[in-house]
Amino acid sequence: MSQAAHLDKLPPEPEKATLEGRNKVLGFWLFLGGETVLFGTLFATFIALRNSVLDGPTGIELFSLSITAIATFILLTSSLTSVFAIQAMHHKNIKNMLTWLGVTVVLGLGFLVLEIYEFYEYVAHDGFGFTTSAFSSSFYALVGFHGAHVALGVLWISLLMLQIKKKGLTTVTAPKIYVASLYWHFIDVVWVFIFTIVYLMGKVG
Amino acid sequence: MGQGSNPIDPKGSVAEEQYGLILLSLGIMILVTVVVFVLYFYAIVKYRRKPGDNTIPKQVEGSHKLEIIWTVIPMILLFILAVPSVALTFSQDVDYSDDPEVIQVKATGHQFWWEFEYPDLGIYTAQDLVLPVNQRVQFELTSSDVIHSFWIPAMGGKMDTNPGMINKLYLDTPAEPGVLKGKCAEFCGESHALMDFKVIVLSEEDYNAWVEDMQTPANTTVSADVQSGEELFKQNCMSCHAIDAGSPGLGPNLKGFADREVVAGFLEMTDDNVYKWIRDPAYFKGDRVEMPGLFLEDEQYQDIAEYLKTLKLE
Amino acid sequence: MAHSVKKYRGLMDWITTVDHKKIGILYFAAGGLFFVIGGIEALLIRLQLMFPKGTFDILDGQTYNEVMTMHGTTMIFLAAMPLVFGLMNAVVPLQIGARDVAFPFLNSLGFWTFFFGGVLLNISWFTGTVPDIGWTAYAPLSGQEFSGTGSDYYAIGLQIAGIGTLVGGINFLVTIINMRAPGMSFMRMPLFTWTSFITSGIILFAFPALAVGLIYISFDRLFDANFFVTATGGNAILWEHIFWIFGHPEVYILVLPAFGAISEILPTFARKRLFGYSSMVFATALIGFLSFMVWAHHMFTVGMGDIANALFGVATMLIAIPTGIKVFNWLFTIWGGKIQFTTAMLYATSFIPTFVMGGVTGVMLAIPPADFQFHDSYFVVAHFHYVIVGGIVLSLLAAAYYWWPKMFGRMLNETLGKWSFWLFFIGFHLTFFIQHFLGLWGMPRRVFTYLPNQGWDTANFVSSIGAFFMAAGVIVILINAIISIKGPKAPADPWDGRTLEWSIASPSPEYNFKQLPLVRGLDAFWLEKMDGKKEMTPAEPLGPIHMPSPSILPFFMSLGLFIAGFGFMYRGYEFESAFMNNLFGYNIIAIFGLAITLVCMFLRSVYDDHGYHIEVEELQKEG
Amino acid sequence: MEANQEQVQDRVKRGRIHEGPRNHIIAFGISIFLTLLAFMAVANSALDATFIKIFIVILAVFQAVIQLAFWMHMKDRGHFFQILFLATGAFVAITAFIMAVYWVWW
């Protein structure tokens, strides 16, 4: 079966065409519900411990609004590009889909580089390590956990791109792409709260 | 049953108010339980299936009237319970820290002993909490290590002592002099079970005399037979244990040690027990006890014990 | 399309299975094993407390604390949870007329992570560093400064087991939402399925909080973080909050399926439909919702102040209302019925008064000023044992006797069953009723001993005697389970059941339903039987059935986590050999373990599971 | 399964699936705008700190809702359970947050 003919037979929303696909999408949504509580607890801890800085630096001294702004812009854009990838998938345009996914991965990597640079600066120049104070522990736990999610997302989407190249777009691969994009949006939504509650509020004092 | 002192033999207004609520809730709950039990036993006796009976009973879907009844009646019962509960929750959470009429006591939990400070009197003591009759006492509770919980069952409910934080609790002392139990109620490690203390309630005069005795510096001249013990005590124990009530020390303050009813909160106050305790505290309260082994000779421990037995008030 | 697939036998079959019925049996076996271990620990506790200090001290303080901690942790996480999950696996897909669960692979993963987490916790008995911090692991006692490697076993063992529970919860949610048979609307679902649904939802929202809390404990202990370390600005109370935000819902995670099982068994043996079905569903959902708003009633004495105490006190009392609705609905289910006292029904009916006694003391504990006296006393011990043993264990035993024929295809012996019931039931009340009074007489909980002449001696002795009765009851149950292997074969519908699982053979075939049934109302099978039919009307023609392939990957994924757990736990440990020090100190073991898990995940993602088909001819051959 | 296919076909006919990138770009624009607003509020030292905090949290919630609705398709039909479970998760998360604000230190 040629690729084109195969694609023609593919239903319009391939991620929801099979019961397995629908299960996967719904299950992942529920997982995100659980993740909300996970991040909620991390946020709560951060809020509870934000003033326990001991001798270490405070948020006002540490945070740079410009780095945060750039990171935010990158992640917001990557969320948009992953939506475009899903649209391309619905149009059965594999080439576009892969391109948009690629852009998403690159933006995700950019975000990670920025975050690693930021952490490096804190540790090397501000003496703000994981064990410095309760504030620092809760900061790195929250922001680092989000960063780990981004890193995992980058790896995951890259792996899926390889799979698409090999297996093509099918009712098995489509739900995976859809779910990965949900995950990516979720990371973005979490970041919205991180920049608001950690960085902006930290800057306000 | 339950000798000494316990929540259902309350002494002092705080425990009495709490006991009142316990009785109220118990009454309502017994009422509920009785209703359920009557319905239950009637049903399981009356509606047994007879052998060979294969009829199908009427399939009842439900009954709105009944369901409303057993939703509304519990609501009313809970309301009856909730109002005094909330009222007492608020009325018992009052801070008398600035009230000159009220005795101020700072209680600190340690693994596994209690330290009591009377900031207004400049007195530190350990294990024995001495209070006058008919008095309101404001406690300031904290801990030096893990979470403990300060509980004098006969005088009222407990409150946790949290490291790095201060909790406030007030209690009223009984009308009669006597000795009450005090306990640690929050699991705090190996010897949590042995972290008891005594609450010694004295008459007004006795209490004042006790305060005066505590404030008097320790007698520095000791009789000849315990001089070696005193010497050993100074060399080995003084760095942690004060014998004057004016300073806290790392370990329990030993002013009036020989007057206490028990050693280490739970051992009968005998010469032998004092000796055994200082020789090997870890044997009784585990490795987490901070009092170190001293590596002395047996006789030397005996001497220290002899000396300690002279630490009496008056 | 027929796809040849590897079929395993013997041990390999059990390790690789993705069949929810076999996983249910695995959960039962593992849960039963841990239940016996936890029970032995309970007996040790009661032996130690049988006499006051100095008479018969079989355990010292340290050992007692270890036994007490492991008893609580084991019973909650490693016995009650898997038994509940075992039942859900065995029953829920059958009750909704599904051929399988939504994620068979994840289901197997959930079991194996739970199992390896439990094994890891119990290995601490052999390394000599057992958790000794209570099942609540309050900081700072659970921190580096005040406890040893035992606390790492606790944090990491539960972390791994918790992953399994979360995965299992999501699996059941999706199964129930997406896989119901034609006609099986939500308001036609049997109540056990409903409660499983709500419970899975609570798991989904409660376990992430525990995961975060356990991560904090591990970080504090292994990486010198400061979350709960008071000296460096951390906050010990924060752990209590996080733990109870998880811990209170956990109680309802366990008790709701127990309610569900009771709501199935009572109608069956009273031959009468459940009274007030929709209010039962509503009450279940309400309890699930409220369970997240009452956690601080475990913390009245922490010192949060009057406003918080009053708020959480009143919120807690509210839970009594939906629970009361349930109790009266059960009473009126058997009211006017034709009650047949099988062993399952004995357990189920005895649940009602026992649970009510646990419930009313719960309301008493919800009154903050009164709780100041009750808190951390034996009154609390009595209360939660009435809820957990009297509520959950009694109904789990009822459920085990009820669904045993469907799970194993064999009948349990009724005579032995009744013996086990009376021994257990009498033993239970003997053990725990008197503990209410011990609490009121001022005996604190979690004490390894008590001084004589406080008026507690007789009561403690009586309580310990009761424990032996319970042990005898459990032994009879175990004997009954073992001899049932050779017991009489179970018919498809031994109890004149009402729900779909009784419409298929015992034990059910691997594909459950040859043809998906058409559901016409609540108690679907009963409706058909009342219409004079012998089986369900099929909703589809006979066709080939697609089945998932067995897989060894879940086993290895969990094994990887298990190894990584050890790697992390002992990374700061000083071994005698330099080789071991390097192996752990440089996190080589930890990374190796995680690598196993990640490689397995990679393999799972890359190689599609096409499964296999059971063809029509095969189905017809099996009859 | 059959029914779902029909639903999908139905939605294709009504042009809901092949919606263009327009909505998403608008959502992106709103997100960027809200973010800018939040950053500007913080940079503006004339404003009251408490007001800023409340203001930027409201902006964040608003932005989250926009993204959930448009990018994660929550506004589409058939998302009942998704909304139910995400909302419940958010409810528990907010509870934890309130706990941290009011009851950890006193």
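A, B, C and D are the chain letters, set down in written order, and residue numbers restart from 1 in every chain.
Please note the rule applied: a residue touches a chain if its C-beta (ideal position, glycine included) is under 8 Å from a C-beta of that chain, and two chains touch if they have at least 3 such contacts.
Worth saying up front: this structure is predicted, and the values here are computed from it rather than measured.
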If a chain touches chain A and chain C alike, it appears here: D
Minimal step count in the chain contact network, chain B to chain D: 2
Result of counting contacting C-beta pairs for A-D and C-D, higher pair: A-D
Distance between chain centroids, defined by C-alpha means - chain B, chain C (Å): 35
Distance from the mean Cα position of chain D to that of chain A, given in whole angstrom: 15
Chain A-chain B separation of Cα centroids, rounded to whole Å: 52
Residues within chain B bordering two or more other chains: 165
Overlap residues in chain D, where contacts from two or more other chains coincide: 81, 85, 88-89, 92, 96, 99-100, 104-106
Per-residue multi-chain contacts in chain C, two or more chains: 173, 177, 204-206, 209, 235, 237-238, 242, 245, 303, 305
Pairwise chain contacts, counting only pairs that touch as defined: A-C, A-D, B-C, C-D
Residue ranges of chain D in contact with chain C within the complex: 81, 85, 88-89, 91-92, 95-96, 99-100, 102-106
Parts of chain C lying in touch with chain B, wherever the complex brings them together: 60-62, 65, 132-134, 138, 140-141, 145-147, 230-231, 235-237, 270-273, 275-279, 301-303, 305-306, 309-310, 313-314, 317-318, 320-321, 324-325, 327-329, 331-332, 334-341, 349, 352-353, 356-357, 360-361, 363-364, 367-377, 437, 440-442, 444-451, 453-456, 458-459, 530
Interface residues, chain A side, partner chain D - complex: 11-13, 16-19, 22, 26, 29-30, 32-37, 39-41, 43-45, 47-48, 65, 69, 72-73, 76-77, 79-80, 83-84, 87, 90-91, 182, 185-186, 188-189, 192-193, 195-197, 200-201, 203-205
Chain D residues touching chain A - in the complex, by the definition given at the top: 1, 4-5, 8-9, 12, 17-18, 21, 24-25, 27-28, 31-32, 35, 38-39, 42-43, 49, 52-53, 56-57, 59-60, 63-64, 67-68, 70-72, 81-82, 85-86, 88-90, 92-94, 96-97, 99-101, 104-105
Chain A-touching residues of chain C, taken from the complex the two chains share: 102-103, 106, 166, 170-171, 173-174, 177-179, 204-209, 211-213, 215-216, 219, 223-227, 229, 232-235, 238, 242, 245, 602, 605-606, 608
